[in-house]
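Shared chain: chain A. Partners: chain B in the first complex, chain C in the second.
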Partner chain A sequence: MIQLTEETRAGWCIVGVRGRVDAESADELEAALRAAIGANGKVAANFAGVDYVSSAGLRAVIQAARAAQGKSVEFTICSMNAHVKKVFDMSGLHQILHIQGELPC
Partner chain B sequence: MKGHRALWHNQAILREAVFSLNGNLKELGRLAAEVSRFCRENALTEDAEFQLNLVLEELFVNTVRHGGCEGVENSARVRLRAVSDGVVVEFADRGRPFDPTTAPAADVNAPLAERPIGGLGIHLVREIMRDLRYERAGEWNQLRMRRPLAHIDTGEQPIS
Partner chain C sequence: MLSMLEEVVLLAVDEKNGGLRSTREFGTAYALVGAVFFDLALARKIDTDTESIQIIDTKPTGDATLDRVLAHMASRSDLKTVREWLEEIFQQRDDLEGEALQSLISQGILRHEKSKLLWIIDVERFPLVDNKPQQYVKVRLANAVLSDDIPLTRDIMLVSIAEPCGLLGYVLSEAAMATRRHRIQLLCNMETISRKVTDAILGLETSMRQAMTRVV
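== the complex of A and B ==
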């Protein structure tokens, strides 16, 4: 179960994500990120409220990043907690995604 | 039970959780709750809870999405045991034969455009768990593995 919010700040569309990004909720996240990427030049996913992620969540983020790359949209994932960050790192995603400790603005 | 002997002298055996899951992704909430309770009862870390939950989700979701377990009642069985050097996990499912120990792993070094979308779950299971052993027994896939207590690269301290 996840809760999603969206706000615009200093030219960035910030998608706030809270809860558990698992096989049940990952599609909802991917749809929200794709929608934001389709309508903005700069998108940041705020993962501060994410307390769990599985490979389904990683796939959602990878697909969103691909969509962003195709549209030349800047896309970054921010503020992951240590447990979530470890799952991204174990999957080698720190090499291909823009992962930041803090929001860009 | 006649002749049944109390197991109180062996805490490693007492500290276990056993549960079944139906072939439906709605079971993920119950899976998380069972893992959480087991970890609380055994004073395991948040890191352990997160990773046990993750490993079990990956295996379970595979059986529902690819193993033919969708809609099957009690399609998976889980047993968790806290032992001196970690948690022994047994995961059994009635899906089609699938050996996660030999399945091709995702290439985690591929660039974004070529990054495969499948195989990430199995990759994570193998990253987190040790001593994986698979066998097919009748209509069941049976996987046994161990999550070390002080996990590599986490800096996590074992709880004494």
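== the complex of A and C ==
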């Protein structure tokens, strides 16, 4: 289960994500990120409330980043806890995704 | 759309003579198991984290191979890690390859030929009837490696399965692979399943080298 929120701040669309990002929630997350990417020039996924991410969750984020790349939308993932960041780092995703310690605004 | 398993097997078919190419035979078998896990993941039947596989839906997919593997997985709740499951399904490697070949034949992509070498040895070949699906797989692989764009999920999976069993070398030149080594490693590292396939192949090669050393 995940909870998603969306707000606009200083030109950024912030998609707040809370809960487990796994096979059950991956499609919902990808759809929310794609919708934000389709409607905004700058999108930040706030992962501060994410406590678990599986391979399906990582794929959802990668495909959202792919959509952002295709539309030349600035896309960043922010505020991961240490456990979730370790999963991203193990997969080498810091090399293709823009990952920040804090929200851009 | 072909399954990941069918795409990997199709990639192993020599387009000139229909022979099945496998530079590292057991490595290819591990890759086939990895491809089945990817098919199940794409069908939202299993999910993985850094070490383990979780079965999330045991309802059949309609694909006989996937459903057999899924039913087997559902019956063995004692196995948890990706590595344990790779070794378990590895025992079914001949079925996986045979079923994928049969499916490719029934879809009109390959045909089956049997002949004798020196009137004694049975030789099986699978010449291409329609070369477009194999070309499509090759183009996707090449694009995923040679471009700096973020690839589609399926193409990340395909690269990460083709590379550790030596099939990428049939699509790209050695020079291209050397130039894009970092990119290939990046794509191979993204998925837990392919990391464990690579570990399994390396472990197997190490064991075989040690066994050969003892024999010599």
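Quick note on the criterion: the second predicted complex is superposed on the first by the 105 of 105 C-alpha atoms of A that agree within 3 Å, B and C clash if a C-alpha of one lies under 4 Å from a C-alpha of the other, contacts with A are read in each partner's own complex, and residues count from 1 in each chain.
In this section, a residue touches a chain if its C-beta (ideal position, glycine included) is under 8 Å from a C-beta of that chain, and two chains touch if they have at least 3 such contacts.
Just so we're clear, the structure is a prediction, and the values are computed from it rather than from any experiment.
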Worksheet item: Here chain A is shared; do chain B and chain C fit on it together or clash?
Response: clash
Item to complete: Please indicate which partner A:100 is in contact with in the superposed arrangement: first for chain B, second for chain C, both, or neither.
Response: neither
Item to complete: For A:92, decide between first (touching chain B), second (touching chain C), both and neither.
Response: both
Worksheet item: Can A:83 be said to touch chain B (first), chain C (second), both, or neither?
Response: first
Item to complete: In the overlay, answer first, second, both or neither for which of chain B and chain C A:20 touches.
Response: first
Practice prompt. Tell me which stretch of chain B runs into chain C once the two are superposed: 5-13, 23-31 or 41-49.
Written response: 23-31
Worksheet item: Intersection of chain A residues contacting chain B with those contacting chain C?
Response: 22-24, 52, 54-56, 58-59, 62-63, 65-66, 69, 87, 90-92, 95-96
Worksheet item: Which chain A residues qualify as touching chain C in the complex?
Response: 22-24, 52-56, 58-59, 62-63, 65-66, 69, 87, 90-93, 95-96
Worksheet, complete the sentence: Listed in rising order, the residues of chain B that touch chain A in the complex are 25-26, 28-29, 32, 46-47, 50, 53-54, 57-58, 61, 65, 106, 108-109, 111-113, 115, 117, 120-121, 123-124, 127-128, 153-154
Worksheet item: Of all residues in chain A, which touch chain B in the complex?
Response: 1, 20, 22-24, 52, 54-56, 58-59, 62-63, 65-66, 69, 83, 86-87, 90-92, 95-97
Discussion item. Applying the document's contact rule, which stretches of chain C touch chain A when the two form their complex?
Written reply: 41, 44, 46-50, 54, 56, 149-153, 156, 185-186, 189-193
